[in-house]
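Only one structure is covered here, and it is reproduced in the block below.
Chain naming follows the written order as A, B, C and D, and within any one chain the residues start at number 1.
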Amino acid sequence: MKKLINNPDDVVTDALRGIAAAHGGALEVAIDPHYITRADAPVQGKVALVSGGGSGHEPMHGGFVGMGMLDAACPGEVFTSPTPDQMLEATKAVDGGAGVLHIVKNYTGDILNFEMAADLAREEDIEVEAVVIDDDVAVQDSLYTAGRRGVGTTVLAEKICGAAAEERRSLKEVADLCRRVNDGGKSMGMALTSCVVPSAGEPTFELGDDEMEIGIGIHGEPGRERVALEPAAQVVERLAAPILEDLSLSGGDSVLAFVNGMGGTPLIELYIVYSELVKLLGGRDIAIERNLIGPYITSLEMAGCSITLLKLDDELTSLWDAPVNTPGLRWGA
Amino acid sequence: MKKLINNPDDVVTDALRGIAAAHGGALEVAIDPHYITRADAPVQGKVALVSGGGSGHEPMHGGFVGMGMLDAACPGEVFTSPTPDQMLEATKAVDGGAGVLHIVKNYTGDILNFEMAADLAREEDIEVEAVVIDDDVAVQDSLYTAGRRGVGTTVLAEKICGAAAEERRSLKEVADLCRRVNDGGKSMGMALTSCVVPSAGEPTFELGDDEMEIGIGIHGEPGRERVALEPAAQVVERLAAPILEDLSLSGGDSVLAFVNGMGGTPLIELYIVYSELVKLLGGRDIAIERNLIGPYITSLEMAGCSITLLKLDDELTSLWDAPVNTPGLRWGA
Amino acid sequence: MTVGHDDVVGWIRAFAAVVEDNRAYLTKLDSAIGDADHGSNLHRGFQAVVAKLEGTEENDVGKTLKTVGMTLVSKVGGAGGPLYGTLFMQMGGPLTGKAEVTPQEFAAALESGVKGVQARGKAELEDKTMLDALLPAVDAISSSLATGANLQEALERAAEAAAKGMEATTPMVAKKGRASYLGERSAGHQDPGATSSYLLLKAASDTLSKVA
Amino acid sequence: MTVGHDDVVGWIRAFAAVVEDNRAYLTKLDSAIGDADHGSNLHRGFQAVVAKLEGTEENDVGKTLKTVGMTLVSKVGGAGGPLYGTLFMQMGGPLTGKAEVTPQEFAAALESGVKGVQARGKAELEDKTMLDALLPAVDAISSSLATGANLQEALERAAEAAAKGMEATTPMVAKKGRASYLGERSAGHQDPGATSSYLLLKAASDTLSKVA
């Protein structure tokens, strides 16, 4: 295992100390239990947004805490959902009296732990709503299964709902908006290499030199199918086609296109992927109104990418454009 | 070779098309020859900053074009300095009458090509000054050799000089400032893995599973020495000690600390490196006034990091804090 | 023929040691159809549990089991944390106030714990989860005790049933948890949670049978 | 016994083919002590040169060599682009206006090209660069012609001298170019630029000797 770490068991705590030192003025980092809040939290009268999940997806979620996005993030161990006491403490720390929205990615662990936390917070008279993000079209959806994973759309939902909360919209409005973003945003990812979970010490899966895995999640889970390497144009086709189908996008529609790096893929390749996506969507007369390109929801050092498309309307576009000031996403401030 | 590309020969052009599509309103991308300018170039009366170098270091340099930083960037082929006609065209495109500063990393190829371009530009009556960045303490300096490489300080110089140019300082002032940043900024890097140059198709060097390379540059050049893997704390000690010595930093000094990812190392590890750097500098009573953490001057998908320390004073700090609006670095705008 | 507070603590300690020994194995199973953390998650949790139990003056079986559950909930995370946490918390409920419990009480409490897991995770038998080991085990204890077996025999039957249930997960296509994302590709791999649940029953059989 | 315009073009074309054949080899050498691009850089440049020379009506040896040099400068980049570009541009200078050149003129022009490389790159003999092949080669041509050899013999001597110079770079510690960053670790590897320079001289010997 080749990592710039001290000890597999200390990865999250050491990284949090780094985050605390780096963003001292803007973020507050609690070490026991682990959570990160805006330094100016609680913001009175504003709906507070709390998210969280396993670590290893940086900058998500801790890097999205700040004005215009999250009020708090709860980092679990690497690829392990955080525990209810983290979410409870974070929820209490950021509640500004207007209620707290939990943005939860659809994984059994995240769901169960956030549920417990919400119950505990409600016992302390904090109004909590939870919205589950389940945007991964690689997974077949069904009433009888755990359903689809939450992936790239999470980043977009956190940005857009963060902007709405800054406008002092109500908890119900922000939660409804979050559901709307989840409905309109779909994703699919692929990997060229596996990642290595520090405490496991070896790759979660093995891929041949000429193979890639299509439909992976963000935890080194194996994907939908394993196929031979292909040029970027075909990879983009494989990822985008099921999204387009699922969203039933058609000519004249506008989207936000998010090309995400999995952690080990350099930006130069993500721009190549984006240029292929532009061609593909252009050919179907779908307009990319906004874009986001870079490693925002990662899977440790995995090489690969995901594509997320979010159907835009004027409201979503203007909330996307609103100022945001976090370590991971920043503009207009 | 596992890359999200179409064809090794088209990597740079394909990525430039992606950049053009992604940042249409802010950047203009010329395809023949390759160069990127601010969409609002030339800015009349402002010294224009032009940099460039081989591709594969993204977001540097193209991602640093915009208000408060570069006016133009010239991307060469992967790891190959660009050619004089690129720099000449870029220089002509951004000259706003106040002269053009070429920020050149110290590599024979970059020096020679920029020299030729400057000669050609001067023949067309454009005032050009060139400043060479040579901040890599891994390389021994001597009058009889090619000297030290230009690495991390380049990013800082581009930001700080970009801010000075926005203030309408003169070409001489901006060039002097650039030399001052170069004198006060030193770097050292390390690799856990090699990178693969697309046209070569295989790793530039081979590293054992338990080995790391200390003192590497940003082109997959092998480094100063190869040693056994160590915890992050020791790696940081290996990188920071020679910098501290070279800069003769002492208690009470202030620095900007830049922890750079080489492209394949995830942010979570960079924060761990940063937290070790904080400890090390804290122990010597050196204050980190500003920091930058992330992949900003990369080496394709290489896993590894570099540390750059820049000695700060009030002027440099306030130029660092000035607004910048580029795809790669953005704040205050 | 009753289970005392020390016996329960002994069971938990024994399982913590088993988890330590099987940490890499459980994580390996989780690599194949999950995210390679089940072993380290449980290990982290049971290390915390053992530390918590260290030098405790507590004598109440129910309270101690609740403490175990709450510690797991706050230290494990993932799916395993709330599920195993619920198991122990719910098991503690009916045993609160007791310094020692009869085999019947123990069996009923375990059953209530497993019901808690089911209520929380909403999984059914054959969804390829820990319930595939837990549900048959609980059935085996109750029916053994009902037909006159002693605790030792009942726990042996339970561990055997859990082992069978665990093995039976291999061909299953997962419907719940992370493995469900793999669809058909989840078949052919033993479920990590069912494996740790078998180990929990096996530890019960190994340690508690001595008291019986 | 003169070198005509077509002969020079033949030499350049032959070298372009040699570069194509040795592209991976030159890049491999550059991997060891550089950045793994020397072969693809020269290949890109000479592909452009060959395209440029295609169907040219030009008859002026000097002008053609300058075109070669300028094409290399604008297509190669890196250290190799300006250095090889300068070589051909400076070589073209003294031959401008000539449709055919004598062996002495050819030798003098090559020498002026190599001097240009030296002026631009500021490297000395034994700095482990292309000059370690070029300088001995130029000496060998001049001295061979001076002692009455014909062009064929002179170019053979030059190629031999370049080969020796190239091999001699192996033990050297680089002082110029990217390999210098390696310090002592640059020893033990043959310099890629010296290798391509040898191949250039070898191509001259193979093609131009036919005209001699």
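Here, contacts are C-beta pairs under 8 Å (C-beta built on N, C-alpha and C of every residue); 3 or more make two chains touch, one makes a residue touch a chain.
These figures come from a predicted structure and were not determined experimentally.
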| item | value |
| --- | --- |
| Shared chain contacts [chain A and chain B, defined touch] | none |
| Label of the chain whose CA centroid is most distant from the centroid of chain B | C |
| Interchain centroid distance [CA atoms averaged], chain B/chain C, Å | 54 |
| Inter-chain centre distance, chain B versus chain D - centres from mean C-alpha coordinates, in Å | 32 |
| Chain centre separation (chain C, chain D; CA means) in Å | 75 |
| Contacts with two or more other chains, residues of chain D listed in rising order | none |
| For chain B, residues contacting two or more additional chains | none |
| Chain-level touch network, classified as line, ring, star, complete or other | line |
| Pairs of chains, among all present, that meet the touch criterion | A-B, A-C, B-D |
| Complex interface listing, chain C residues touching chain A | 27-28, 31-37, 40-41, 44, 73-83, 120-121, 175-178, 180-183, 185 |
| Chain A residues within the chain B interface of the complex | 2-7, 11, 14-19, 21-22, 55-56, 58-59, 63, 192-193, 209, 212, 229, 231-233, 235, 263-276, 278, 288, 291, 293, 295, 298, 300-301, 303-305, 330-333 |
| Chain D-touching residues of chain B, taken from the complex the two chains share | 33, 54, 76-85, 107-109, 112-113, 115-116, 136, 138-140, 144-146, 149, 197, 199-200, 202, 204-205, 217, 219-222, 224 |
